[in-house]
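Just below is one structure, and these are the notes that go with it.
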Amino acid sequence: MNREAFVEAFHLLLSLDRELVLITFNSLRFALASTVIASIIATPLGVAIALREFRGKRFLVSTAHTLMGLPTVVVGLLVFSLLSRSGPLGGLGLLFSPAAVIIGQSVLALPIVFSLVYSGLSRLDPELRETLLTLGASPLQRTTKIIQEGRIAVASAILTAFGRVVGEVGTAMMLGGNIRWYTRTITTAIALETQKGAFALSVALGVVLLIVAFGVNFGLNYLIRFRGSVA
Amino acid sequence: MQRTGLAIAIVLMILGPWTRMDAAGTSERRDAQRLLLATTTSTENSGLLEALLPPFEEKYNVVVDVIAVGTGQALEIGRSGDADVLMVHAPELETEFVADGYGVQRVHFMYNDFVVVGPPEDPADVSSAADATDAFARIAQKEATFISRGDNSGTHVKELGLWSAAGRGPSVGREPATDEWHREVGQGMGAVITLANEQRGYTLADRGTYLAYRGDVMIEILYEGDPKLFNPYSIIVVDPQRHPHVQAELAHALSDYVTSAHGQQIIDEYREAGEQLFFPDAE
Amino acid sequence: MINMHIRGVRFSYGEPRPRQAAGSAGQAGQTLLEIPHLAIREGTISVLIGDNGSGKTTLLKLLAGLLAPSSGTIETASETVVLVHQRPYLFAESVRANVTWPLKIRRVRRDERRDRVDRALEQVGLTAFARRWAPSLSGGEKQRVAIARALVLQPGALLLDEPTSTIDAASVRAIETVLRRLADGGTTVVMSTHNEASAYRLADELISMAGGRLVPLRVNILHGSALDHGEEHIGRFRVTDGKEIYCPTATGDFTRAVVRMEDIILSTEEMTGSAQNHLFGTVRAVAAVGDELVRVDLDCGFSLSALVTQRSVEELCIAPGMQVCATFKASAVCLY
């Protein structure tokens, strides 16, 4: 990689190069969509399980915790085999499309959101539940209030999941196929464009990804340091 | 208020138009059909497809989505029916693919060539080899560092064939290599060229990818030109009888297009860094 | 009128699981609380006293319905029973929002809501704190917010677990006044406390607990008022029924005189000595407390109980209906 690549990379960044912007846009929207889907499914689950005692709860929670570190390529392979034309969901013809990437990334994000929401809410004061009961709240009102009280934990969980998903390459590559203008994301572009010798674009995308990652981390720090302390 | 704005922005971003974009950032041909082409990294990386496909897309109002993988994986994608048409370069595997009934209409339409690259000091004296087999034999005899793709790609298959012909290489198409000097890395062409450069080793590279890297690496072309290093590309339509959803009509059209005079001319005229990478040879 | 009625209640954690064999049910958890009978009158303040682990909190949670008894019944006449925890959980929002929430979930109209919240905050002296971020308040302030959050519901019964444990002296008085006013207005108040002064001052009914059971009190609590003029370090306290007893001089608004039952000596005739209080009364009841002690209840114009040894009962031949003299020092009386 030579110096010109860096010069050109910054030119791409400053001139808001079309392809660069589109790839970034794709990455963000895939990650956003999958984080939203995962959050819609996993947040209520995390809340429900944090608030209940039942047989096998510890097993469930530790399983979810283990799945947080699920290798992206394993998820990629799993979803690939489901969505492939020869797989059970092949009829949908979703492989190598944005939908496939979003499904894969949602699977990645699910255990993250679930585990972090669960552990955040279980750390809430045990008297909260009794307080809500004694003030006469209905089950729905209690759940809503508990989520509200654990909003920092929920927000951190969602942000963490977004951070992981936006930076992963395994599922995006296997399920999206890195199709230009369509399923190419920051990470798949960096992984494969480098092969072409297209260093400038890779460097520029790398910078964008770093900015996104920093943004996510600053957001998390803000939540934990400035809002978490008073919660 | 700010929160509401953020929420709306997120929703718009997700629910916004999901159609693909073109370079101008506008949605492109929403009504267009989609043809999935699985091909090797070497064709995609060279930029040839970006010259070859647009006239076809225009004519048939179709978007060709290109998935660039190794030949082995491209064939696997075809086997499971996840692509409509394949552009690959590993004749033995292709024959097997068609014989097993996964593909129809396999047509040669172009070739490029491989080059043996290595460090300028050329410890195995590959540059004075009589032919490609001799070049490989010299590397094996000297036990000079050789970086192998090791990913069942077309290039890898070609490399194994050459070791086999040289008669003394590692593995000789059977067991995986255990020789310390022969390093299978299981990565793409670009990564392999970079590795060979770092480790002062030899490797077999397709000319197009090597040219893309030439400015950034020390290793040079040490042997080229043997017809054994020619790398024939075929286009194969995935069998629609086995996978009914395959866009057979369009796939055949693409096959006809790349072998047509127009398609062949584009291939012949395509230049990367001033050099011709692909040579049309449709009959 | 009885507001809360406990009958044959037993509570233990770790209920036997249905899948376990019936035979193993007996091992499930040790009994934490056992109260055969307890009635709490409406519009009174009942104060639970006892050491840590004596079951006060468990009893409050049972009364609040937060725990279900393992056996027995708890009847509550009030519709709204609210418990204020010892270290209350305040929502991560403003004080006003905290106090408003119980009304909000009941869909109380906005203007009525505002009035009731204002009144509750005023009652606990936190009007100026309405906009403060609740989690940032001090322990005592949090406690008062929690009380306001309960008061806003106008509960029929208000239960408080150690409401004064983290509060400064001035606030303790303020909260006592609030509770007194509530009880006078018909609210049934049950609270636990470590603060003896608070307990004696407030309690209409003092409930002593140990090891998860109710235990008899060992003090006499006399309601009345301290008289202003005493002579030479000796003060006087007029018990509600008109009788007076001698006590240490003290200035202030005292309404309770407390005499430990052990400090009262019984005799058949008036004793001579340094003790100032000699009260004649009729024995109402004699009951053994443990192996050696006997509790003797007297009527000497007001109820008074003495704890004496088994031997002295036998020597004096104390029996119900008999006239005895109860003697105790002025210094044995504590005013609250």
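By written order: A, B and C. Residues from 1 in each chain.
What we mean here is this: a residue touches a chain if its C-beta (ideal position, glycine included) is under 8 Å from a C-beta of that chain, and two chains touch if they have at least 3 such contacts.
For clarity, every value in this text was computed on a predicted model and none was experimentally measured.
J.: Going by the stated contact rule, which chains contact chain A and chain C alike?
T.: In this structure, no chain contacts chain C and also chain A.
J.: Looking only at C-beta pair counts, which chain-chain interface has the most contacts?
T.: Chains joined by the most C-beta contact pairs: A-B.
J.: Per-chain C-alpha centres versus the global one: which chain is nearest?
T.: Chain nearest the overall C-alpha centroid, as shown: A.
J.: Per the centroid of Cα atoms for each chain, what is the distance between chain A and chain C, given in Å?
T.: Those two chain centres are 55 Å apart.
J.: I'd like to verify one number: the distance from the centre of chain A to the centre of chain B, where each centre is the average of its C-alpha atoms, in whole angstrom.
T.: 32
J.: Counting in whole Å, what is the centre-to-centre distance of chain B and chain C, each centre being its mean C-alpha position?
T.: Using C-alpha averages as centres, the distance is 86 Å.
J.: Okay, in this complex, where on chain A does chain B touch?
T.: Interface residues on the chain A side: 1-2, 18-19, 21-22, 25, 28-29, 32-33, 36, 84-87, 90, 93, 95-96, 98, 177-182, 192, 194-197, 199.
J.: Provide the residue numbers of chain A that touch chain C in the complex, in ascending order.
T.: It is residues 125, 127-128, 130-131, 133-138, 141, 145, 148-149, 230-231 of chain A that touch chain C.
J.: If you look only at chain B, which of its residues touch chain A in the complex?
T.: Those residues of chain B that touch chain A are 10, 13-14, 16, 18, 20-25, 28, 36, 41, 44-47, 65-68, 80-83, 188-191, 209, 212-213, 215-216, 243, 245.
J.: Taking the touch rule as given, give the residues of chain C at its contact with chain A in the complex, in rising order.
T.: So the residues of chain C in touch with chain A come to 61, 64-66, 80-83, 85, 87-89, 91-92, 101-102, 105-106, 133, 135-136, 149-150, 153.
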